[in-house]
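Here it is, the structure, as structure tokens.
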Amino acid sequence: MAFTEPDKLVSLEEAAGHVADGDVVALGGALSYREPMALVRELVRARRRDLHLVGSAHGIDVDLLVGAGAVRVLEESYVGYEQDFGLAPAYRRAAESGRLALRETCCYTLLQQLRAAEYGIPFMPVRGILGTGIRDLHPEYGEIRCPFTGQRLVAVPALAPDVALIHGLLADRRGNVHLARPLVLDERFTFASRKVVVTVERLASPSEVAEAGVVLPYFAVTAVVEAPYGAHPTSCYPHYTYDRAHLGEWVKAAGTDEGVHQYLDRYVLGPGGEEGYLKSVGEDRLQALGEWSASDERWKELLS
Amino acid sequence: MSADFTIDEWMCAALANTIRDGEVVFHGFGSPCATIAMHVAKRTHARHMVLVEGSTYALDPDPAFVPPTSNDWSLMRRAVHVLRFEELFDLAARGGVDRMFLSGGQIDPHGNTNVTAIGPPDTPKVKLGGGGGGCNLSATVGTLTLWATRHRSGRTLVERCDVITDLGYVTPTGTRQELGFPGGGPEWLVSELGVFDFPDGRARLRRLYPDVSLDEVRAATGFELVVDPGLRPL
Amino acid sequence: MAFTEPDKLVSLEEAAGHVADGDVVALGGALSYREPMALVRELVRARRRDLHLVGSAHGIDVDLLVGAGAVRVLEESYVGYEQDFGLAPAYRRAAESGRLALRETCCYTLLQQLRAAEYGIPFMPVRGILGTGIRDLHPEYGEIRCPFTGQRLVAVPALAPDVALIHGLLADRRGNVHLARPLVLDERFTFASRKVVVTVERLASPSEVAEAGVVLPYFAVTAVVEAPYGAHPTSCYPHYTYDRAHLGEWVKAAGTDEGVHQYLDRYVLGPGGEEGYLKSVGEDRLQALGEWSASDERWKELLS
Amino acid sequence: MSADFTIDEWMCAALANTIRDGEVVFHGFGSPCATIAMHVAKRTHARHMVLVEGSTYALDPDPAFVPPTSNDWSLMRRAVHVLRFEELFDLAARGGVDRMFLSGGQIDPHGNTNVTAIGPPDTPKVKLGGGGGGCNLSATVGTLTLWATRHRSGRTLVERCDVITDLGYVTPTGTRQELGFPGGGPEWLVSELGVFDFPDGRARLRRLYPDVSLDEVRAATGFELVVDPGLRPL
């Protein structure tokens, strides 16, 4: 269970090898923030299929995987682009065509299922869910009565993802990882999952990671990849804010199957790797995303 | 004077007015009106409110602007502290969040909301984004302020939600008391046409925006419109 | 439920007023580390009675309160001085005389009971306890079957202490508190308890606390007291290591009821307050405890 | 050569030898022998072990000395990381701790240990310190190494514990399998007289310290002494 090899540094391709067709995959980050996009793109390149995605509120990571045909079961609490670009087009199209098994979850329910796995117990009692349509989407939930109060509670089964994909700031070769807040569910995914694959902006010495603050300890981490801009086009503060223009480009493309394929050809499959991806995006654009900290005005400008 | 305000500003002010001083208040993601309303309240009548941002879980931040996404460091600027995801949700689960802002693609007269799907949830006609944390939160948070910006479309306030994502006062399975939920349910529903309260657990029109007529509201509302005898403009 | 007053700074005496006779009291820190000793001493001065103490592995905090006759129910996982001074004399004497209701708990069981309170659920399922004598000490525990696996598990009831007593490093007047690791159960106590009373080494500005790192957010904190050396004779790193000589003096005194009273007269009741307590201990001694960081040799010397 | 070692050193070496490389290992508080054994193992045959200190939950620290208390920053020196209390206990609860060191004021032939009380636990003749986390941990940790420094007293290895704090292989209520516990139970018992293993879940003497006779061990042991036919000195 513990991962104790002193050097876990692998290529992105090798890292994606930890994800098998049909796996339950937990995606770190949330919405427009620190999603494991380099790994997501690599799964597309590897033509992974039938994935069961679990997560809280997500965006392009899920939309892209669904668009690429990699997903069969969808167990996220939200997929979309909020007030920015609204509904996720590829996801929506797949959902409405019946190609996806839709098991919409709720953030807290998911948290409690992960905690059950983390605590080594087969279920957690949860207050809520009863009376909602979310309950109907989950025949695997049960019910239980409190032995003390007689209250009726939903029992949600432990959920241990096959693999968690996380993008962080720094890691050492052993797998100690530094993340900045918000941590979202990254810690819970790490401790509940069977394998944990982490990409980071930069490989660092153990002492540098320790000084920045270890959030994920090495023994829980399976493999480490150095992937600068590995969250792009989502943000990875303090390195870069999110690339709103690029997201917009994806959302526009994702409106049709053909658009999805054109996007994938141009950015993911055509260039054949992350170096190519970043070149296609353009160095100037990437550099500009780091200028958010120059001033509030610059920050606002980048996000408008 | 009223002509100086946009409808968005009116809505934000109406939402802000639902907050009481000293409350712990939270909004869902993708809710810029609620974000602004909370910051307005914190700077005016509710200086002791505990303001938790909807996706960063930043505590009492001072953002320079409202970004187009809610999980952004700009909403953490000068925050006292950034709560963990777990800390916020646990707080709400034990009744420690007093008010939450929630919206819905559909909202029924009992205050149930639907952000999951139009049509059946497993084979939807339109797949909506999903409820995030609302399903659990609506069961345990002290009071809810619902909001809707597309009341006028006629498709938002409906007799029955296709799917219930977040709980109002009563569902086909039972009342929130029968289901064992400690949260108080929706207190207000603020739309771009008017403001509803929920006496006896059913939406009742209580305020109209300037330049909006009762007939307009009735035409846009998919359930039987109950009107407060003391109805007056905002 | 939320504590939103902008100024929570109170005297130690007022702070102790938040603890009533008969309360369930959670003690922060552990063993020889960061125990809320200033508050413990103030409870002795206030002649508090019939307390129900809950905690993990503790030392002089419990031993002193028991010695002073303040405790009726003992629900800690351990009370003593490890290899250093062994069993806790006052506690042991009270336990063997039948004056205490002994409800020895286990660290993880306690954690899961606090979590149940924190999660707003009436119980938590726990694996373990069955077959042990700990089970027999807790008629309030129940049993439950997993609705999925049919497994038999212990159901432990939610535990929300009336008040948690925590000693930290820094706080602002609003109640934001910085603690250093190990955090032990301090966070869980804070979020599970109805009231939280915090003493700190030093009152600081909000920005200084934020920079050091808020661990307990203000809305969860009821009252704040500035109490330098408030953990003495336990340690409060990085400020001071534990005062082994003083602990030894207490352990020797605690061997008899008379010794306990002499100790209390000399250090707690006689001086009548923390200023007097610290004077009785002596400024030189206190200063020396801060010298642990000078070198490993000095550190070792202080602990031998 | 053996005369150059103290009995404490022998014990620490014997304890260290129970650790396999790559294991996640944890000790309880108040266990200086186990602390030293873990650091010896980490520096010799088990360089890839994951060493978690018993009370600070420091990960792979490099202490300059062993202090007289286990919740001390000296045991965190140069640690890679300090786990939270919750992280360590949850790890153990889900089977992620491979080995734990546990001791007892009483230890029975099934490997049950008592650190709670001599006499009835609610009205004890002697109140011992208490079990800390051992009660739960002994149910789920992969394997246990038990240790005792007062075997010679005749009061430590007993036929039956007055109270069972930490679980061995079988209790009056059932076996650990019957109780539903995934942990493997005690693998070794190291005392200052010898080393026991637990074939079929019952303590069996397997090694003797130099200068200790089988009769001495038998006299000091309160349960029927089963001896490995291959018994030999350490």
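Each chain gets a letter, A, B, C and D, in the order it is written, and its residues are counted from 1.
We take it that a residue touches a chain if its C-beta (ideal position, glycine included) is under 8 Å from a C-beta of that chain, and two chains touch if they have at least 3 such contacts.
Quantities reported herein were computed from a predicted structural model and do not represent experimental measurements.
Listed by label, the chains touching chain B and chain C alike are A. Listed by label, the chains that touch chain B and also chain D are A, C. Distance from the chain C centre to the chain D centre is 27 Å, each centre being the mean of its Cα atoms.
Centroids of chain A and chain D (each the mean of its C-alpha atoms) stand 41 Å apart. For chain B, residues touching at least two other chains, in rising order: 93, 140, 182.
Counting partner chains per residue, chain C shows two or more touched chains at residues 119-121, 126-127, 151, 153.
Interchain contacts give a graph that is no line, ring or star and is not complete, per the touch definition above. The complete set of chain-chain contacts reads A-B, A-C, A-D, B-C, C-D. Listing the residues of chain B that touch chain C in their complex gives 22-24, 48-50, 59, 80-81, 83, 87, 90-91, 93-96, 98, 140, 182.
Contact residues on chain A toward chain D in their complex (touch as defined above): 1-2, 4-6, 117-121, 176, 191, 206, 210, 214, 217-219. The touching residues of chain D, counted against chain C in their complex, run 29-32, 55-57, 64-65, 67-74, 76, 82, 84-86, 89, 92-93, 114, 116-117, 121-140, 163-167, 171-174, 176, 179-182. Residues 112, 119-127, 142-144, 146-149, 151, 153, 155, 157 of chain A are the ones touching chain C in the complex.
Within the complex formed with chain B, the residues of chain A that make contact are 30-33, 56-57, 76-84, 86-88, 91-92, 95-96, 98, 101-102, 104, 106-109, 111, 126-134, 136-137, 151-153, 181-185, 188, 235, 237-238, 241-242, 244, 292, 296, 299-300, 303-304.
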